[in-house]
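So, here's a batch of structures to check.
Note that subunit A is present in both complexes that follow, paired respectively with subunit B and with subunit C.
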Partner chain A sequence: MTLSNEPLTLLEARHLTRIFGGGENEVRAVDDVSFAIHPGEIVAIVGESGSGKSTLARLLLRLLEPTSGQILFRGEDITALHGPRHLKTYWREVQGIFQDPFASFNQFYSVGRVLKKTLDLSDEKLSRAEQQQRLELALRNVGLDPTDVLKKGSHQLSGGQLQRVMIARALLVDPEIVIADESTSMLDASLRVTILNVLSELRARLQMTILFVTHDIGQAYYLSDRVFVMYHGQIVEQGPVEEVLHDPQHAYTRRLMADVPRLGGWGAKVAAD
Partner chain B sequence: MSAVLPQSREQATGLSFGEALRARFRSLSALPSGRFFFSVILFLAILVFAILGPTIFNQHDPLQIVGGLYDTPSSKFWLGTDNFGHSVFTQLMFGTRTSLIIGFVAGLIATGIGVVIGTAAGFNGGFVEEALMGITNVVITIPSIVVLILLSIAISTRSIYSLALVIGVTSWPWTARAVRAQASSLRTREHVDIARLAGANTASLIVWEILPYMLSYIFMAFVLQLTSGILAEAALSMLGLGPSNSVSLGIMLHWALLWESVRTGAWWAFVPPTLFLTIIAFALLLLQSSLDEVFNPRLRRS
Partner chain C sequence: MEVRDLRAYYETKAGPPVKAVDGVSFTLDEGEVLGIVGESGCGKSTLASVLSLGASPTLRIKGGSLVLNGEEVDLEKMGGVPREWRGKIVSLLPQRAMNSLNPTSRIGDFAYDVMKAHDSRVNRREAIKRASQRLEQLGLPARVLQSYPHQLSGGMRQRVVTVISTLLNPTVLIADEPTSALDVSSQKALVHLLQRLLEERVITRIVFITHDLTLLSNIATRIAVMYAGEIVEIGTTEQIITRPEHPYTRALIHSTLEPEQGVRKRKIEGLTGSPPDLRNPPSGCRFHPRCPHAMEICTRETPPRVGTSRHYATCWWVKQRVEAMNEGDLRDTVERAAHTA
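This part shows the complex of A and B:
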């Protein structure tokens, strides 16, 4: 189907814009953003606080209506789809993980129940035993013991465990792409590495495409193939991570790099373990 | 009234009632304050008096003529008689019962309408929110007593339930406003987005992701509506707009004022209902403010 040597595009944004408020209070949170993400790559979106990263992530997840512009998934315009009934098929392919694992978790429900809800996305009629199998497999995939966590509520689990449950949840329907919005920023340093490793392992094993939002350039460097630099709602620079970070073209990227103290010492990527 | 409702985020994210209670009782030092138990016991005592009192004291007809005009309290009629010769003590039991029923029904109606409108407005935002809050603000600015008087006159037979209905449908706006703020702040929480990504529709988002987080808050709002419902009944009945052929605390006060019990020194006609209204309102408001501590243990420590 491809007409050129270009890699197939999985997720594409065209002139995507989201404006909040109006008049004097107008905020162009995402301002005319265009890009393409290819199957199997890990893309990091970096930028300072308020640059529009989360807004972009929520637009791509179809949790927020764009003011204008389009989102295409495998060439199909999914901005035309509205409501859960029509977006279900999209959410089977595009899933999300958020910043705060505690807030992501409805504290009134057990891990099992939260996971089962996501299984509703699937069109297959699964028996109870099959459902149970899926849940257990997903939890093992992120290094959790199903018998230990399935019946527990959010108050009985640590932040790192909860975030792994949220990753398991996102993977439950076997999506093509996972959008992770600052999914490590609430965790302490050692857990952060664990989560990053879980993500990069998933890519290696499942050829998962990952869009990874962070304000931590180190994480972008560690995990991603390509990087988008966001500034005031616009992508001011994008390219392979080594290129962008070692030879930043845009003034803002250079400033962003200057804020990272460790960057000077970076010769090569640090080994995963 | 709205000022008493906590607006903080703590409230929105508070534990469920059961969870909170369990957490509180786990250690002795974490027991809810004496205020909570005191208010609960006080209110329960009033409930028992109103519900079981007639059986306990074997008095089943508050409208029975047992004496003359303002007979002084005696060993037979502990609180004497009113202007018609009814036993004030018996009237007090049945009157408290009526007032509580009206308060409960009005409170349920007001809380129900308020929660539905507030949740719909806060969760949907945009045009729906503006329209619903527009209506709410209009209802809020109309002095409720005027509506109550007009509606009370319009309704020909004033049963205690129609009076409760009138009170309920005029007092929901405060609850709607408070609930709207809660729902609006809950709407943007990440677990709601997670449920959306699982394909949940609006109804199930509200039922499973929003309402559970508001339950403790809604319960506190109900206690306030219950209190103000009882007081609204008293005010209306004192004006002579109370339920026909029945006795309530407000109706007792109505006759006591009309027959000049204050001037004639028949204190037993007006002190008991006044005292009961005060105790009920005191117990409920104390309960409401101590519930705050039960639901949010953190508030207490700081």
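This part shows the complex of A and C:
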């Protein structure tokens, strides 16, 4: 029997824990979290503010040291690596997109300059023309016109355009995984849908794996295949999105579902069908 | 309460002013919650600050009046809402209000400061007593007055600031994105608190400003849709969410993502493009560059207001459709029915 039927694990967390403070003020922001993510999957991490979603995202991006536990990428223990020199390869494979594009964009740089700096992460020696080609392709991938945006600064772009630039930036180094932490929260409804569609197309076209952190179940439901529900630092429920939202097992998931606003009512309708 | 033809522009050093609020009119009856919805940069927050505070060094009120409790105020001449009205008659619950608390003083001190600012004779004990009675009346724990802000959750801080901002029983509460930094459970709790404030007759009217139409539909009795500084459609919540007329309202309704079966299976298209530069708004209808139904006339002429003063849309396309309907165009009626179904 071959192993080919088994889904490969791309990213794995084993007993991942991060504690802030100590003694009386100890906060177990991420508390013994374990999971496995397969290539090409879109997984949503949902939960209320303070549930540890963003801390988990930052741990997985290796921007924050875990207190204990392991992160494995293609079977290799990433938590053993420290410092930019050793993590560079990992950061090429795992890219983050954050909540506020204005905060993560150097306001003195043009779009072109920010993107070129990201390209420097790559070990490939590219000619100027090749670099330019890559930048233009990345921008077109997210529905932006390179001739229009490359020379502009962040103040000349709208929030939605800038967030798409941040997605293009993340895609430049051709990562295996994109971790999007509330990347669409501050956008207006109509733009939000556009960005979610961009992510969904990227998965379809490039087989990209996406970890999507959100407090909005509507977005999680629209975009993802699987969902992890976080509560007080723990994953209290996980499974295929239809299943979890159709038949929530944990009391917290049920509460979350009941509090979702709908047009003219409260509570998700999935469970009622 | 009535707002008539309000205009508020931001002065820029060079070039034309930013017309953030451009000719906004609406009425607000007792017990009503008027929702104002629109994307970032459409002038929602400017409207909130003009109605509750006044002009600032860069924001100029270029016209308009406010009628409240039988008194009419010329906002342009007065430079905003009269000072003695602020907090007492019109109160603002600003964006990110929960971060407006002083981290080094107790909530009770904040309540005292707020009351003292409006009535210098009030003493500390009275103020805290009043605040604690109010909290209990609304089903919130009075012990929060002894707490420091960091000891409370974001949702609780937001509820407490809401209660304190209505301590003086203002006629109107202007809530500017009060729920945008909260998770869904806290959003629901805040909406219930606001409804309770109306039921207990602490306040009699709310203007609720947000970009979240789904949430808004659960509190507003009427909804005004703003685009590029103007109200493009207004109507009861029911009318707006079940029978939207303006193409922009339709796009907003269409792009709400609800966790309901079937949503996953179809692709929902958002609006393309971005909101216009309000220094040089597009000619004719300001929405025409992004509108799927734009016609030649839309690029040239200001769209007409179709409907009554309580329920209208400003749009050439809507006008055509209504005229076609009036002529008894059966096909159109059928298409319309199919669309709303």
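Operating definition for what follows: the second predicted complex is superposed on the first by the 255 of 273 C-alpha atoms of A that agree within 3 Å, B and C clash if a C-alpha of one lies under 4 Å from a C-alpha of the other, contacts with A are read in each partner's own complex, and residues count from 1 in each chain.
As a working rule, a contact is a pair of C-beta atoms (placed from the backbone, for glycine too) under 8 Å apart; a residue touches a chain by one contact, two chains touch by 3 or more.
Keep in mind that what you see is a predicted model, and the values were worked out from it rather than measured.
On the A-aligned overlay, A:22 touches which partner chain: subunit B = first, subunit C = second, or both, or neither?
A:22: touches no partner chain.
For A:117, using the defined touch cut-off, is the partner it touches subunit B, subunit C, both, or neither? Pick first, second, both or neither.
first
Considering only the touch criterion stated at the top, classify A:96 as touching first (subunit B), second (subunit C), both, or neither.
Once the two structures are laid over each other on A, A:96 reaches subunit B alone.
Answer with first, second, both or neither: which of subunit B and subunit C does A:191 touch in the superposed model?
A:191 contacts subunit C only, not subunit B.
State whether subunit B or subunit C is in contact with more residues of subunit A in the superposed arrangement.
Of subunit B and subunit C, C contacts more residues of subunit A.
So, A:104: does it touch subunit B (first), subunit C (second), both, or neither?
It touches subunit B, and subunit C stays clear.
Kindly classify A:215 by the partners it touches after superposition: subunit B alone (first), subunit C alone (second), both, or neither?
A:215 sits against subunit C, while subunit B stays out of touch.
Could you look at A:49 and tell me whether it touches subunit B, subunit C, both or neither (first, second, both, neither)?
Second partner only, subunit C.
Can you list the residues on subunit B that touch subunit A in the complex?
Listed in rising order, the residues of subunit B that touch subunit A are 15-16, 189-191, 193-201, 208-209, 212-213.
Name, in rising order, each residue of subunit C that touches subunit A in their complex.
It comes out as residues 39-41, 153-155, 182-188, 211-215, 217-218, 237-238, 241, 251-253, 255-261, 263-264, 267-272, 274-275.
Mind listing the subunit A positions that touch subunit C in their complex?
Interface residues on the subunit A side: 48-50, 158-161, 188-194, 196-197, 215-222, 241-242, 245-246, 255-257, 259-266, 268-270, 273.
Using the touch definition from the top, list the residues of subunit A that touch subunit B in their complex.
Answer in residue numbers: 58, 61, 63, 83-85, 87-88, 91, 95-96, 98-100, 103-108, 114, 117-118, 120-121, 166, 169.
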